[in-house]
Amino acid sequence: MAKDGLKIVTIGGGSSYTPELIEGYILRKDELPIKEIVLVDIEDGKEKLEIVGAMAKRMVEAAGLDWTVTLTLDRKTALKDADFVTTQFRVGLLNARVKDERIPLSHGILGQETNGAGGIFKAFRTIPVILDIIEDMKVQCPDAWLVNFTNPAGMVTEAAIKHGGWEKTVGLCNVPIGHVKTASEKLELPKEDLFFKFAGINHFHWHKVWDKSGKERTDDLIDLIYGPNQNEDDNHLKNIHSALFHYEQIQDLHMLPCGYHRYYYIEDEMLEHSIEEFENGETRAQVVKETEARLFELYKDPELDHKPEELSQRGGTHYSDAACEIIASIQNDKHTEMVVSTKNNGTITDLPYDCAVEVSGVVTAHGFEPYNWGEFPNAGARGIIQNMKGMEETVIRAAIEGNYGAALQAFTVNPLIPGGTIAKTVLDEMLYAHKEYLPQFADKIRDIEENQPETVQNVDELMKTNVKKKV
Amino acid sequence: MAKDGLKIVTIGGGSSYTPELIEGYILRKDELPIKEIVLVDIEDGKEKLEIVGAMAKRMVEAAGLDWTVTLTLDRKTALKDADFVTTQFRVGLLNARVKDERIPLSHGILGQETNGAGGIFKAFRTIPVILDIIEDMKVQCPDAWLVNFTNPAGMVTEAAIKHGGWEKTVGLCNVPIGHVKTASEKLELPKEDLFFKFAGINHFHWHKVWDKSGKERTDDLIDLIYGPNQNEDDNHLKNIHSALFHYEQIQDLHMLPCGYHRYYYIEDEMLEHSIEEFENGETRAQVVKETEARLFELYKDPELDHKPEELSQRGGTHYSDAACEIIASIQNDKHTEMVVSTKNNGTITDLPYDCAVEVSGVVTAHGFEPYNWGEFPNAGARGIIQNMKGMEETVIRAAIEGNYGAALQAFTVNPLIPGGTIAKTVLDEMLYAHKEYLPQFADKIRDIEENQPETVQNVDELMKTNVKKKV
Amino acid sequence: MAKDGLKIVTIGGGSSYTPELIEGYILRKDELPIKEIVLVDIEDGKEKLEIVGAMAKRMVEAAGLDWTVTLTLDRKTALKDADFVTTQFRVGLLNARVKDERIPLSHGILGQETNGAGGIFKAFRTIPVILDIIEDMKVQCPDAWLVNFTNPAGMVTEAAIKHGGWEKTVGLCNVPIGHVKTASEKLELPKEDLFFKFAGINHFHWHKVWDKSGKERTDDLIDLIYGPNQNEDDNHLKNIHSALFHYEQIQDLHMLPCGYHRYYYIEDEMLEHSIEEFENGETRAQVVKETEARLFELYKDPELDHKPEELSQRGGTHYSDAACEIIASIQNDKHTEMVVSTKNNGTITDLPYDCAVEVSGVVTAHGFEPYNWGEFPNAGARGIIQNMKGMEETVIRAAIEGNYGAALQAFTVNPLIPGGTIAKTVLDEMLYAHKEYLPQFADKIRDIEENQPETVQNVDELMKTNVKKKV
Amino acid sequence: MAKDGLKIVTIGGGSSYTPELIEGYILRKDELPIKEIVLVDIEDGKEKLEIVGAMAKRMVEAAGLDWTVTLTLDRKTALKDADFVTTQFRVGLLNARVKDERIPLSHGILGQETNGAGGIFKAFRTIPVILDIIEDMKVQCPDAWLVNFTNPAGMVTEAAIKHGGWEKTVGLCNVPIGHVKTASEKLELPKEDLFFKFAGINHFHWHKVWDKSGKERTDDLIDLIYGPNQNEDDNHLKNIHSALFHYEQIQDLHMLPCGYHRYYYIEDEMLEHSIEEFENGETRAQVVKETEARLFELYKDPELDHKPEELSQRGGTHYSDAACEIIASIQNDKHTEMVVSTKNNGTITDLPYDCAVEVSGVVTAHGFEPYNWGEFPNAGARGIIQNMKGMEETVIRAAIEGNYGAALQAFTVNPLIPGGTIAKTVLDEMLYAHKEYLPQFADKIRDIEENQPETVQNVDELMKTNVKKKV
């Protein structure tokens, strides 16, 4: 840390989440000796940056703090001497997410931001950028911590550590927070009296729970949450449809699934619901766009100097707070127990040693110390996570190399994409649709433009079409 | 071996394949000092056993051999002092296979004898029986070799070795034979001049090929077989629809897929074709039933004393020949290079040490010695085989314990079953449909009968319906 | 826990350490709702049990507590409904340790209670007894925790978990405590401001240290402790000669060794010193016997009602305090950070999944949660711990089966025993010397008695000889 | 292969083994379409090269072959377009081996060319040279095979593959040949009727044996060779003293050890014998020097045109023949079953994936295909090989980096070096003694020269002393 206080740089500073982040810092003002907060964005996000930046300044001022809040489009300069760099950027903005969701759904397959075709394309757009950021960091702030919450957080974290070589990376997720809350409510015990052990990869983890007497309560929770009285309202994730898991299958796991497991364990129900959303023009991205528009309207209010309640509706809530807690825990060697994406190093012995996993552990001044997990005892869980990790590695390889074969491979083995032929169709359409943000695939995209008029036309139609209507 | 010659016992001796087996023995008469061949079957198969048994006797006699051919329904006695036991039985006969295929397809999902819902149910019916046979063998012929070619051969082999404790088990497959033939033709080189290395699990393996100059020819073969001039006729498997693989995806593997990979890599095309077959009443089992009927008509001919040409149309051709070669190679320590299902022991480091894998190696007098394989370099291949193996382990567990949760788990993670809710529906219908052969699931089936009238009715309808028509 | 308070049973209750244990409970009286402390010993230890038991009662009374202190020789009854069972027994008492040390040294090889020939024999005597205790516990107190600090603690813990099936076992060691103290002193930082990560096996672990700013200080500590100004006084272990490590070798490790590593890294110096002790009749056991005699004299004093200062000279100090802290942390779900022997489960990926390792982690109500360690990066460390673990597994096998070949194997591969021929000589002499406590080796010992008069004579001589003089 | 015939280059062509190599080629003249044999040596070996080269030419001529035999000191040019490169050079010639053996022995510790202090120094001298050769090969003959039989063959092979990146490397050993012969004699069965499976690392492997009936004969052989009638004459290795293994320990292994295991399993006896040899001036190097002198006298005879019988006394016999067989098997895709050093790739799951192991398999046109081995079931074997491999990796690291700490680490963990203090003494003396051939350690050696007069003096004495007498 610089002598005179912390410098925290946020890439994607114009995000609607920023007020939550600022609020998190303010709440921890006694733990965080902040000197400067730098919000960085790109030309296309300039307007948002200015709105949210002004709001951030008001929040800091209202809290009576002398922190400098800097707004800039010059990422390289911004990174100079940073202590912490948080990343919450979205390459291609929400419009790209609309495509990530709607193109697959137009073919009747799941479009989902983090795990399916959508997540793969988000990785294709994001990974080259995170590696660029790291190249800048090597020069500008070689000792800084990188706290990533850009999705797909697991793949981005793996790329940063394994391919960027940035060991001081922590990947964040807000999903565990809700599961802790649910367990506490169902068992009628304060969360402090429960011990949680999560393990898996981002948006694909399971957990076990013990109480203060040392008794494992996992099976009790399976009964309470997924048993005969299972209730759609138990799902705490704003962005995931509350289809019901099948009790006997979850019982057999002897582990609690995460909300995103619905996409894998009851894919058929999730798909049905997603298609409805698609047909109504209500895919997640479309809903979020509207929420965001409302939020930015609020943020523009020069009187507003605290995080508005409406932000909680945004979906990714808790992310920013988790990020602030990570920073505070590193800064103060707090040993806070958290669940983050980190280098495996054998924590989960079923997965490659050098991949990223998302597990429970403590955040110390020197980084994250995961509790050992070992093997997944149930082959049903073990196999599907190994498959997903294989897919993730293939996505990262494709993203870095601009390798079309690897991209098709990833699509083919992704369990949410129901066959290689539809995979190729969707892959080609998405490559064309996102061409602006995929320079690494330029050759292949040119080839599509020249030789696949039908592909081009389909996407152009979809882009032109009022998204309220199915193409 | 007994002093006076080999005793070979075939469980499921009434099978239409038996003449190929007898022919294989006759062709190897100089290598195999056979004293007695015992064909065992069950009461329901008695008629077939007598037809095919008489034919076997005629074949042996025509060959001028003094081997005894014994027909019996008493398995236990038959096993006494056996040197080799081959298993080719089919629990529930072809009617069960009809259900394995048609019930899933009636819901629009793949019914396939070895890898999907059908394969899972074949395992449920078969694994308890193979473990029973092994219990008899422990008493009657503790030094015998078990040569299994009952499908799903990989899971049956794993159950025999890991759960039955019968180390002297070899699981057979005829799939590699066709791939060797194709490679030889495409490269225009005799197969003796090529080195093949297969690795994977049954009906789910890849291979690499080298020529006599030491050059690896795998990528050349990918170009020749799956490149721009890809041809449906290159598929050598009678029972698998010849949909075309996607070239770029196979290129990225740098390994040649097996024919069954179509179900995973281009599931959508295979499904479409299967549904057509379903609607025309031409699923594989239905076709085979007719072929079998014709074959048994032929076998009845008291003049016929050699394997009829028509048997080659049956689909499983080469299986029996491979079995005879295994026996000859063990008997004579021939070191024949083959591809069999065997205990992993680290041959494929990505899979559990104690599971069954299907790999290249040599057959010696003390058993199969696999060539080391190591890791699958391509995460796309590694992940999907780990998932399949996890599923197989879960199927075996369910089969042995009669565990409904495990059965649902296996259905849920099987990549050919597109969601947990349809999985449960199909699982319940199949449990009910096969109830006669699934004593281990009796409690659950009773529960279905009592509480799921719709499930019962659906199956009953399907059973009543002329299978030519979709229900 | 029983409704009315904790029952803690100590096997080997007549040990001179017991007052430290009692003191530990008294210090934690607010955390530990104790109802009864039962001190169990065997007939041969009755006198000591009575002395130390009376003292324990005085201590409890002086502390104004109403805990019952029970003395008994009836182990089985004592275990009834226990909440915690601590084990600190010594099969064969200190006389056996004298033999463990002096017989090897009489041949010029290291006799050392935990890692060399002596440790192997302590394991041979102890493992059958711990497994017996566990059989009793299965009946009498199936939910109790077993807190073991009988040496060799690593092998005893492994036997208890892996062979006894008692998952709720924690193995204790006092060695890390001293290393924490040294690091704190050398870095001039309070130990609370340092993060320690230990990994290895009992009496064979390394550690790394970080400070509150997140900086790793391991290399600094190597310089401070083992650099040019290395000082014999830095060794904190009463029972280990303070020979100096070689700086460059420790530098190359980038990990801090534990005190016992002197036996492996500078075996020659340790041996030289041990031989001196041997010749002066001052091996550790001999010194301890005298210390113990003095302690028991003190304990007899009916006025003494607190732990005497002299006990700190005993060597194993901190053991009992660590045991009390474990109990308090389990009882209160304290998450105390400790270093204990526990099941590996992949924590150290270089070692078998099911073996015992000694690592850092937190003690919770449901047991120990180790921090993941992963691989040992330095092959020099990795190889020697793999060898030691291989040896330990072989010792445990020999101890359970009474397998002479395995015993000779363990002696042969033990790095402190310089050759197979001397190994066999020492093994045979020790088997004969300890025959009273090794019923599992009875056949082999009878064979030695009948056919190896020289072996018998050597041992008999050594036993007769005044141990002040070398035989 | 070049169109007009094979070019085989031998580095260290002036070796006394060369005639065996030439004889091997001549015996395989029908399999090997040789055009040119190039014998390369260095300036210091020029005289020997000329003697042995002239002899090689006479041998080729006498066989009536038109092969060109070229002698050269220009390695780089020699490698141009080579098909096979064999390496049998000895950096520092036999004088260096004298030092490798005598310096350790002068301190009472084993000096042994391949596994102890001597082997470590041979690796220090050789590894930089093999990596240099590979750099030349990358330019001059990028498709050539490297057949190494320079010791320590395991470490040299590992360095070539892992650090030099030369995948087409095969490391040779003659040790298995003798074990095959012994087994055949003891079982009174032709070796063709036995199946051998070797696994381990160079000069540190075990084997199992089966007969033609499929029966494992390993335990029978242990009884026959190492049982009560064990005989010193059973040892077939000229260079290894025939001390007797301990039967019960070998029985416990259920594997047959190799001759070199005497250094580990009965180190005390081997050491005693070596010290005798040392005192008599008859260490192996000294004996070999005399043998070599005699051989070169013979080779000078212009009438001699075939390999003289005396060469068989040299010790490394069969090495060259094995090399010729490797070449013939690669050239002709013969699938000869051999035992070679190769990349592990999981063949032995207990060892690192990327290390070199020595195992059974077949030699094909595309290289060596090992039979899978899996785990070592006996922890006694598993641990010691893991330790040795850890040591080897550390030696290689030290050799490449000139890293003194790593060198001391390797010495410290080597099981044949009995302590870290003697290790440092011997290491320093050997570094000084070999300074001419260890440029990578120049700084440390300069430091020794300047600051350790006693070390320098000891070595200088030893060098001056008539080696017949102990210093």
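The chains carry the letters A, B, C and D, assigned in the order they are written, with residues numbered from 1 in each.
Convention: a residue touches a chain if its C-beta (ideal position, glycine included) is under 8 Å from a C-beta of that chain, and two chains touch if they have at least 3 such contacts.
Bear in mind that the values here come from a model prediction, so they are computed numbers and not experimental data.
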By CA centroid distance, what chain is farthest from chain B? C
Computed distance of Cα centres, chain C from chain B, in Å: 55
Chain-centre distance (mean CA atoms) for chain A and chain B, in whole Å, is 43
Computed distance of Cα centres, chain C from chain A, in Å: 47
Would you identify the shape of the chain contact graph, picking one of line, ring, star, complete or other? ring
Touching pairs of chains in this structure are A-B, A-C, B-D, C-D
List the residues on chain A that touch chain B in their complex, please. 245-246, 248-249, 251-253, 265-271, 378-384, 386-394, 397, 403-406, 408-410, 412-413, 415, 418-424
Touching chain D in the complex, chain B uses residues 193, 195, 197, 210-216, 330, 333, 345-347, 349, 353, 361-362, 364-367, 369-375
